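One chain, chain A, links the two complexes that follow: it is found with chain B in the first and with chain C in the second.
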Partner chain A sequence: MTVEVRSREQDGVTVVELDGEITSVTSGELQQRLLPLIGRSSTTVIDLTQVPYISSAGLRTLLLVHRRALREATSTILVGLSEEVRFVMSSTGFLNFFDVRESASSVLGAVRE
Partner chain B sequence: MNALRIPAALTSLEDVAHFCQSLAERAGLSTDAAYRLRLATDELATNVVMHGYRGGEGELRLAGGMDEDTVWIRLEDDAPPFDPGAGCRPPQPDVPLAQRGIGGLGIHLALTSLDDFSHRYTDGHNSCTLVIRRHRPRRRPE
Partner chain C sequence: MSVTERIDAYPTRTIGGYGVRAGRPLPFGATPVPAGVNFSVYSEKATRMWLVLFEPGAEQPLAELEFPAAFRIGSVFAMTVFGLDGGSLDDERLEYGFRAEGPFDPEHGDRFDATRVLSDPYARMISGRDVWGTEPDRDRPCPYRSRLVPDDFDWGDDAPLRIPTEDLVVYELHVRGFTRHPSAQVSAPGTYAGLREKIPYLKELGVNCVELMPVFEFDEHDNPRSDPGTGEPLLDYWGYNTVGFFAPKAGYAATGRFGMQADEFKTMVKELHAAGIEVVLDVVFNHTAEGNEQGPTISFRGLDNATYYMLTPAGDYYNFSGTGNTVNCNHPVVRDFILNCLRHWVSEYHIDGFRFDLAAILDRAPDGTPLANPPLLEQLAHDPVLRHCKLIAEAWDAAGLYEVGSFPDYGRWAEWNGQYRDTVRRFLKGDPGTAGELATRVVGSPDLYTGRGTAASVNFVTAHDGFTLHDLVSYNDKHNEANGEGNADGANDNNSWNCGAEGPTEDPEIQRLRMRQMKNAMAILLTSQGVPMLLAGDELARTQAGNNNTYCQDNELSWQDWSPHETGEELYRFVRSLIAFRHAHPLLRGADHPGVCSGSDVSWHGTRAWEPDWSADSRLLAVLRTGDEQIYVAMNSHWEPHDLELPTPQSGTDWYLVADTAAEPPYDIHQPGAEPPLTDPGHYRIAPRSTVILLAR
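For the complex of A and B:
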């Protein structure tokens, strides 16, 4: 079981779509593929629409993304969070540290303006 | 009631997930309750694999069932005594994320997700009982 990572550059923003469950089984490989994408553009949008499940292993991945973005002085925006993913992030205090928005298209529209 | 015996290894955690999902389905749990049951079981089982047996060999035993009001999973292992409910500190919301340690988050998530939890250690076995209410809607933290 793996998490698929699809990335594209659009309007100066790197959009990364994740597809799959982020667990202690899948998170190691995901980190290897995701972290090098952070810092390619000044803004990275991580789309979690196709992520139905994350555990604390997924939070650890997001923590590493957050640290990488700070080091690269770039911003990270999370979009497409399900109610359940939101619950995992809010009950651990992670939600406040991320810029969370509805969808990738809303971010790209805002950047274009 | 149904049961599962598996080697304590990361690859077994997919079996743990399937066990929880099938139990949740039979109990007719809501999406939210089913997620919390799986999350709590996943986190506690992961903790046994990574820390309980310290990466060594061992066994995980799961049993699950339901009554009128609750769905329960009992998780057993033969690792040294460890009570996940003791000394679990909540995350520190004031500490910036970049400076936080990640340890203990899984257990915190597990205990937050459940409606009831208990642990006992007898005859060389840890036995954790995880309980989710079947019907009562649960308020989410803001």
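For the complex of A and C:
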């Protein structure tokens, strides 16, 4: 079981689309694939539209990526959170750490302006 | 700098398909180590011990790993287990327990049962009751399974707040009951996350400490009784029946079904702290959910019955807790267990203090004898990690040991002052002969706490155990029929008075009197020295329909109803203003008893200034506190009005009216700076059954 990772550069922003459940089973590999993408541009958008569930280990992976981005003086933005994912992240406090937007296109529009 | 791999990150042998090596005996429990997990468990008399691994949800174990003899140091079985294929154990996909073989010889205290998989006493998380109230599968082997929790929570700069104890206003609440009612309008009703959404309310009310009723993992299904009306099983709603002492209650977490209760709990604490509110936990170390001989074997009984429980010479359970067993608190191993547990909650969850249920049991020797110098209490008082947290004793137990005022305190322990509660209640209902004792209570009970200061006294009129404030003034008798014991459960000596009719009434006179009585109770409580504790919802006139023991009522009887109503709004405004008044005037919070080298002075007054009436039929008492300012509180529980001659305020000041519980709102309490001067500066007519607060400025 893996999480599919598709990345592209657009308007100076790195957009990373994830597809699949992020759990302890998938988060190790995901982390290895995500970390090299951080710092390629000043902003990394992580699109979770195709992520139905993120476990405790998965949330930690996202936070780790976020921390790494901060260390490299870049930012991460989460988009496309399902209601369930948002609820879990909100209840456990993880939501507080992230910049969360509606969708990748809203971020790209804002950056272009 | 590169990190060199440790040489102990490799197994020395294989057991049950897993690479293992001899573990470290300390710390107890399951601890992540490089490439693996260290498991350590103590048992004095076990002859063999197995580590049992499960996949989450699976009925049967994934593997059983017997601890080799070489992995035993002293009476501790310790083993480090590495993952399959050289990987590390996936703590998210791992549940575990222990199986212990040893003698079954109850007469000598041993009750080993090698057929049972036991939960780890040190389990950081317990699965099995992940969603509140869902029907348990009683045939499932090992119903309460131990799990690991990452200890990497990002606290930012948060730390326990260290608010001086005498400055606290404590608010006792039930995590589920506080927001479970639909009217709470939170996104996750009845949970830690739901409570978090109510922080703005707590802040506005002005309390700076929440005391949470038990939040250690317990089994809400552990109650044999049924609703006499519907036949539906009743739950153990309160949870004074711990299953896992290191584990937060999963069913109180919106994310419990995902095993994220620890993060949710910590986020709640962090945000309460950010709002200036401390978190005190109600902890139950006096007994466990294993009950007596008939009870389930969950953990302690199967690991080391004679160590963890107080046993009679015949090997039976002592029952000082009234619930079947009694934890052997002053056994050195159990002392360490309790100490480590509290350290865990302070360091890992940033808890600010603890209230110990039936704490008198904590000073009993293994044979039940009360100790003059109980080592456990001394140890807790002086422990470096617990050094600044609040320690509050419910200083009695269910076997008649009553230590209010005499609990071994080591300069650290405070107590729930049951005498404060009883005295204020008796005074309020107009009992004769209470004025003298009331005087002692409102200045921090120097008769009980000489040398300990007023902060040793946690003052309260109501608590979870007993009537709510509304019911205290609405019922003469308890009405516990819904508990399924024919109204035989719950306390009978409530010192309550219904003001003229039992229960709900349309009589406006009675309604007005009840409102005034509730305000009187709050006014006395919040102007007394000592630490005031409010029962959640009392500021909104919460009712339990006369039930004074709602331990099993997981329904509207217990849940806080947030729907606006006139009575609630009026009382809320009064209480909120009173709390603000207390915070604004250090004179009310003096840590020293009167006459003890403090910057304030207390004097007593009656209808005549400087002439208190201590006679048996006196129902009027006024207390004047003088420091940098002066506050005068007159308490009249007489059914007649009295003309008070006021003591002359310090030169250059006049009396201003802060509160009069007999006045109609908004004149019942005045906002800071807007207090009106008295029309007749030297006199005040106090109405029947009312309380008046004056401020000289």
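As a convention for this text, the second predicted complex is superposed on the first by the 113 of 113 C-alpha atoms of A that agree within 3 Å, B and C clash if a C-alpha of one lies under 4 Å from a C-alpha of the other, contacts with A are read in each partner's own complex, and residues count from 1 in each chain.
Criterion: a residue touches a chain if its C-beta (ideal position, glycine included) is under 8 Å from a C-beta of that chain, and two chains touch if they have at least 3 such contacts.
It should be emphasised that the depicted structure is a prediction, and the values quoted were computed from it without experimental measurement.
Engineer: With the two complexes superposed on chain A, say which partner A:H66 touches: chain B (first), chain C (second), both, or neither.
Structural biologist: first
Engineer: According to the stated criteria, A:G93 is in contact with first (chain B), second (chain C), both, or neither; which is it?
Structural biologist: A:G93 contacts both chain B and chain C.
Engineer: Between chain B and chain C, which one contacts more residues of chain A in the superposed model?
Structural biologist: B
Engineer: Check the residue A:E102 against both partner chains and state whether it touches chain B (first), chain C (second), both, or neither.
Structural biologist: Neither: A:E102 stays clear of chain B and chain C.
Engineer: Across the two complexes, what residues of chain A are contacted by chain B and by chain C?
Structural biologist: After superposing on chain A, chain A residues 23-25, 55-57, 59-60, 63, 87-88, 90-94, 96-97 contact both chain B and chain C.
Engineer: Mind pulling up the chain A residues that touch chain B in the complex?
Structural biologist: It comes out as residues 1, 23-25, 53, 55-57, 59-60, 63, 66-67, 70, 83-84, 87-88, 90-94, 96-97.
Engineer: Quick one: in the complex, what on chain A touches chain C?
Structural biologist: 23-25, 55-57, 59-60, 63, 87-88, 90-94, 96-97
Engineer: Mind listing the chain C positions that touch chain A in their complex?
Structural biologist: 90-93, 150, 152, 154, 187-188, 191-193, 253-255, 258-260, 263-264, 266-267, 270-271
Engineer: Residues of chain B touching chain A in their complex?
Structural biologist: 10-11, 13-14, 17, 31-32, 35-36, 38-39, 42-43, 46, 50, 91-93, 96-98, 100, 102, 105-106, 108-109, 112-113, 140-142
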